[in-house]
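In what follows, a structure is listed as structure tokens, so that the remarks can point back to it.
In this document, chain identifiers A, B, C and D correspond to the written order of the chains, with residue numbering beginning at 1 in each.
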Amino acid sequence: MKSVIKAKGVVKTFQGGKKALDEVSLEVGKGEVTVIMGPSGSGKSTLIRTFNGLESIDEGIIEVLGVELDSYHDERKVMRIRRRVGMVFQQFNLFPHLSIIDNITIAPIKVQKRNKEEVASKAFQLLAQMGIAEHAMKFPSQLSGGEQQRVAIARALAMEPELILFDEPTSALDPERVKEVLDAMKQLANNGMTMVVVTHEIGFAREVADKVVFMDEGKIVEISAPEDFFSHAQNERSRRFLNQMM
Amino acid sequence: MRIPKSFLYQLIIAFIISCILGVLFNNLIVNLIRTGIGINFKWLMRPAGFALAETSLPYKPSDTYAWALFIGWINSLKVILFSLILATLLGIIAGTARSSSNLLVKSISSLYVALIRQIPLLLQLFFWYFVAFLSLPNTPLEPIGKLLSLSNQSLRIAGVNISVEFCALLIGLTIFTGASIAEVVRGGLNSVNRGQWESFRSLGLNERLGLIHIIIPQSLPAIIPGLTSQYLNLAKNSTLAIAVGYADIYAVSDTTITQTGRAIEGFIILLASFLVLNLLITGSMNILNKLVMRIK
Amino acid sequence: MKFIKKNLNLFSLKRWIRNKPVDFIVTMFLMLLILWVATLIVSWFILEANWNVVSDNLDLYAIGSYPADQKWRPMIWMLSLSTLTIITLTWRRKGILQKSLPWIWILMLPSGLVLMAGGPGLIPVASHKWGGLALTLILALSSAFIAMPLGILLALGRRSKLAIIKYSCGIYIDSMRSVPLIAILFFGQLLIPLFLPVEFDINRVVRAILAFAVFAAAYVAEDVRGGLQAIPKTQVEAAEALGLNPKQIAILIMLPQALRTAIPALTNQAIGLLQNTSLMAILGLVELLGISRSLLANPNFMGRYLEVYVWIAAVYWLICTSMALLARRLEQELDPNILTIKSNEISN
Amino acid sequence: MTKRLIYGLISLSVLLAGCATIDTASKNSRLDVIKNRGVLRCGVSGKIPGFSFLDGDGQYKGLDVDICKAMAAAFIGDPTKVQYRPLTAPERFTALKTGEIDLLSRNTTFNLSRDAYQGNGLTFAPIVFHDGQGFMVKKQSRIEKINQLKNSDICVGSGTTTEQNLNDEFQRLGMAYRPIKYQDLNQVIAGYLQGRCKAMTSDKSQLAAARSSFSNPNEHLILNKTISKEPLAPASIGGDQRLSDAMRWVIFALFRAEELGINQNNIYEKLNEAKTNQNLSSLRRFLGVDGEIGQKLGLPNDFVVRIIRSTGNYAEIYERHLGPNSNVHIPRGQNNSYLNGGLLISPPFK
């Protein structure tokens, strides 16, 4: 299987000396859904953000879609990666001053220089796919959290990415809104999208994930298939975490 | 009958305020009678008898004081308008430069702000006029042919003559106000959620496009009020024109007051003309604000 | 080591030019510009500058035409001001000294006035003999001292429920803010006597201080109001629920929070006020800028503008920057987060 | 509660009304105010070398300043009891009218509209310096006549008669010009020296004073033509006869002492001579040994002695500040006693 992400010996130290990532190595294959779990402060968000260059790294190499990133944070390479990798944030981060349709089309038009009409019709299609086509002309503040997050997914998809990173996409949602977002993500996974998801949603991980990565204190503690991870996790720390979660 | 307490308080305060004003006014009248100053505005229609170096509209010394004051007001408006535009550009550049990834650009803009904001404007104006402009050679320099010529009397760009007084005031005000606007802009940019930066970056937008399409539009609501007050300050500071010999409204009122001895009337006219300037600035900024809100 | 390696990478020229050509060009251009300006400045300093105009007249810059036999008075005052500034900025150890600092600061203004004007055991020196930096500092400090409480009252007044108070404060603040300072000062110097009873004379320095104070109060009021608006409504509700009356709420709950929030804005006002005292040079007081202008008229020093301007710009810059630093120090002292950290330290 | 408030209001209003009417018309002469205060407030320029100028030791010096000293010597008996108020041109008359200063000794031109009741309403003392407005140019400009200044920039102090004279002259000649106006003379000089203007205009005494301070005075030319009469005189507020009389005769005393050859060195000698020699009746009157010239003015009888003791006669004042050994050398010319062909003359002290 062709790998999309190949991270080797990644180290990231924050100002003040705290090691956020400590010799992390990870491989993500094409079409795979990888779920990263771990207690807060374990470095899982930092890891996922290094994949599209939002965080620079101090040591090691990350190869994303054939582009290599190292401790020299090469802006051009980062830009090349970002054009092909989508990202969905915990806080949605929609652009509040732009309408939903503009939120989705701005990057394809400005970055990929695609035709406006074509992008717009694609955007409507994506919104319909997410079940929120009727909101196209509204502004983000007029939408519920779940709807906003689905817009954020549609925005990421509009760039026709080869990989989407999800950074705790449901953590900021009201409980009753979580399902609609997870459903949209499941749909994506079923369509064969390569996804890296940081989440605490065990149900989602069980159902969709190809592998579960467990992190603690900046290290990857365990990588296993979901059925193994949730029934008999090998590591003591993973078990303790799962006990708290369930 | 019960009178509400708050009503009583207000009555007392109204009474005290009017008493104070009354006393001041009474003193004024007494003093006016005593010194024979009196208040009237008839002198406005008398010939001014002084020439002005800088006139945007036709003016000769035999014109009235009123017209001379109006010319001064137009001169004020002119310098305010031009330095407003330039200071805004400078402020935006310096303000955004402070969040630049280039260390040199960043430190230069920080240095600029830290230096300029801690030195009195009047001193800066003296510097620009007496040191920078008046040290230019007497015979015009022409660094790029006939298009631009520079001397210690005037600046000539493409056939338009600009006096060095105007230039010194323009540059002094621009650089001083630009530093304050830079702070406003920086504050505005910082007011935009960090997530927005990450968000546009992860969509593959570069810094320039991101600033233009995502960050600046969102920071405008935070920037515009600050910008308005900087513009008002600029207008008020333009009265320091008097230090460099530029004939603005304050300088003309000053001359008028000396020649006629009409200090109070001159003062009232000065205040009125500033009221109009302020209304112009706040009015147009309100319109701008509404436009921004509508876009949002 | 890692850090150095990373930065060495950064300075790999080839990579730089290839990856960020615009960045490279801008940097090179700026470097050349800096080099050029630096050469100009250095050559002026070495070849042209003649600092006699500064070194021969240090006394004048400091105190103007204050009587020579009494010059130790303003000198001591300014010396203690600067010592106090340095102590406040550097002394971090807790103890009596640090606890007494606020009180010493509060004492600086009255002691300065007494030293300058004369009092018990000191020969009176009339205010028209004051000048130079000492006058600048007195003007700025005294007017700030008056403007602060006045501005706070105006800010509270503007939020009052009583219409008359609200509107008269509003009118005062807005009209003061729409007028150029030089007009107010002009008014203070020339026209105030017209509004006072005959023969009722206030001296020039006091008039200038009053003019600065009434002007600055309007700006202080707006900054404090900004601070008041930043206080969440829940704070007032909580205070009301505790049964505090409006006056207590204002003094105990609102003002402390509002003033802390307003410190940065108020600092800018204070710095602005100090800088604005230079306007008195136009209106005939010989404060720091005024004395420089008088000196430049002296035949011996004619034409030495740049030296004088550079020198007093440096003085102003130093004072304003230390004011900014002092304000930051004050902000740290009052920072609720730091306070909680401190109490944690204690409990640990 | 309500009742008390109302009482409070009433008493307050009475109080304020009282304030408002107090002292609406004190007809006291300013002269008494000065004497009671024990200090003379004198408005000066503070920036004109030779006339009033802040010296290196922080003291005001100059002809205008010595006039203030003579006044203080006469009114109060002590030439040091003077508060100098440096005033800009725009504020000087207002300062006088509002009573901030007692008298103005600041290069002020004596003219009709400043003197007249319907004008500025001042009263002038005798002319202490006969001046006239002229132009200074750089020699290298080869300008020798005003006509050659057509369409030029001319540096001038704003809000002074200088500005009006400049305008009148150029209008008369039908020439256009651009006035570059500055707040004070130093800026005018700076603007001129730095080449902002082809010429600067001011009173010739000030031009001479300025030129003498330049590093190469010979490179500058003061044009011959005098475009105006600028008789400079101290001034006080109009309608106060006692003060203006006293001022007038203080100045005359300075002139008269020169005419009589009485100076700071020989004043006591002369006084002794007058005291011992009954025949010198005019000298005896002048020095206050006989008669009551002082009392008539509301001054001490020996006010002349006090003046000469403190400042010397006019010639001495002139020598000190404008003579050949001073920084500013201006030949006496018109400003000489009539005995030497000048314009200064004192009426009899009778």
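Some observations on this one:
One rule holds for everything that comes next: contacts are C-beta pairs under 8 Å (C-beta built on N, C-alpha and C of every residue); 3 or more make two chains touch, one makes a residue touch a chain.
Since the model is a prediction, treat every value here as computed from it, not as a measurement.
Note on interfaces A-C and B-D: more C-beta pairs are in contact across B-D.
On a Cα centroid basis, the chain most remote from chain A in this structure is D. Our note on geometry: chain A versus chain C, Cα centroid distance of 50 Å, whole angstroms.
Separating the centre of chain C from that of chain D, both taken as means of CA atoms, is a distance of 39 Å. Taking each chain's centre as the mean of its C-alpha atoms, chain A lies 86 Å from chain D. Shared contact sites, meaning residues of chain C that touch two or more other chains, fall at 190-191, 193-194, 197-198, 282, 305.
Multi-chain contact residues of chain A (touching two or more other chains): none found. Counting partner chains per residue, chain D shows two or more touched chains at residues 19, 24, 94, 98, 183, 190. Of all possible chain pairings, those that touch are A-B, A-C, B-C, B-D, C-D. Against chain D, in their complex, chain B makes its touches with residues 3, 8, 12, 15-16, 19-20, 22-23, 26-27, 30-31, 34-37, 49-53, 61, 130, 134-135, 138, 152-153, 164-165, 242-243, 245, 247, 251, 254-255, 257-259, 261, 263.
Contacts from chain D toward chain B in the complex involve residues 2, 5, 9, 12-13, 16, 19-21, 24-25, 89-90, 93-94, 97-98, 117, 120-121, 153, 158-160, 163-164, 166-168, 170-171, 177-183, 187, 190-191, 194-196, 237-238. Put simply, chain A touches chain C in their complex at residues 58-59, 71-72, 74-76.
Those residues of chain B whose C-beta lies close enough to touch chain A in the complex are 193, 195-196, 198-206, 209, 213-214, 217-218, 295-296. The part of chain B that touches chain C in the complex is made up of residues 6, 9-10, 13-14, 17, 24, 27-28, 30-32, 34, 37, 101-102, 104-105, 108, 114-115, 117-123, 126-127, 130-131, 232, 235-240, 242-243, 250, 263-264, 267, 270-271, 274-275, 278.
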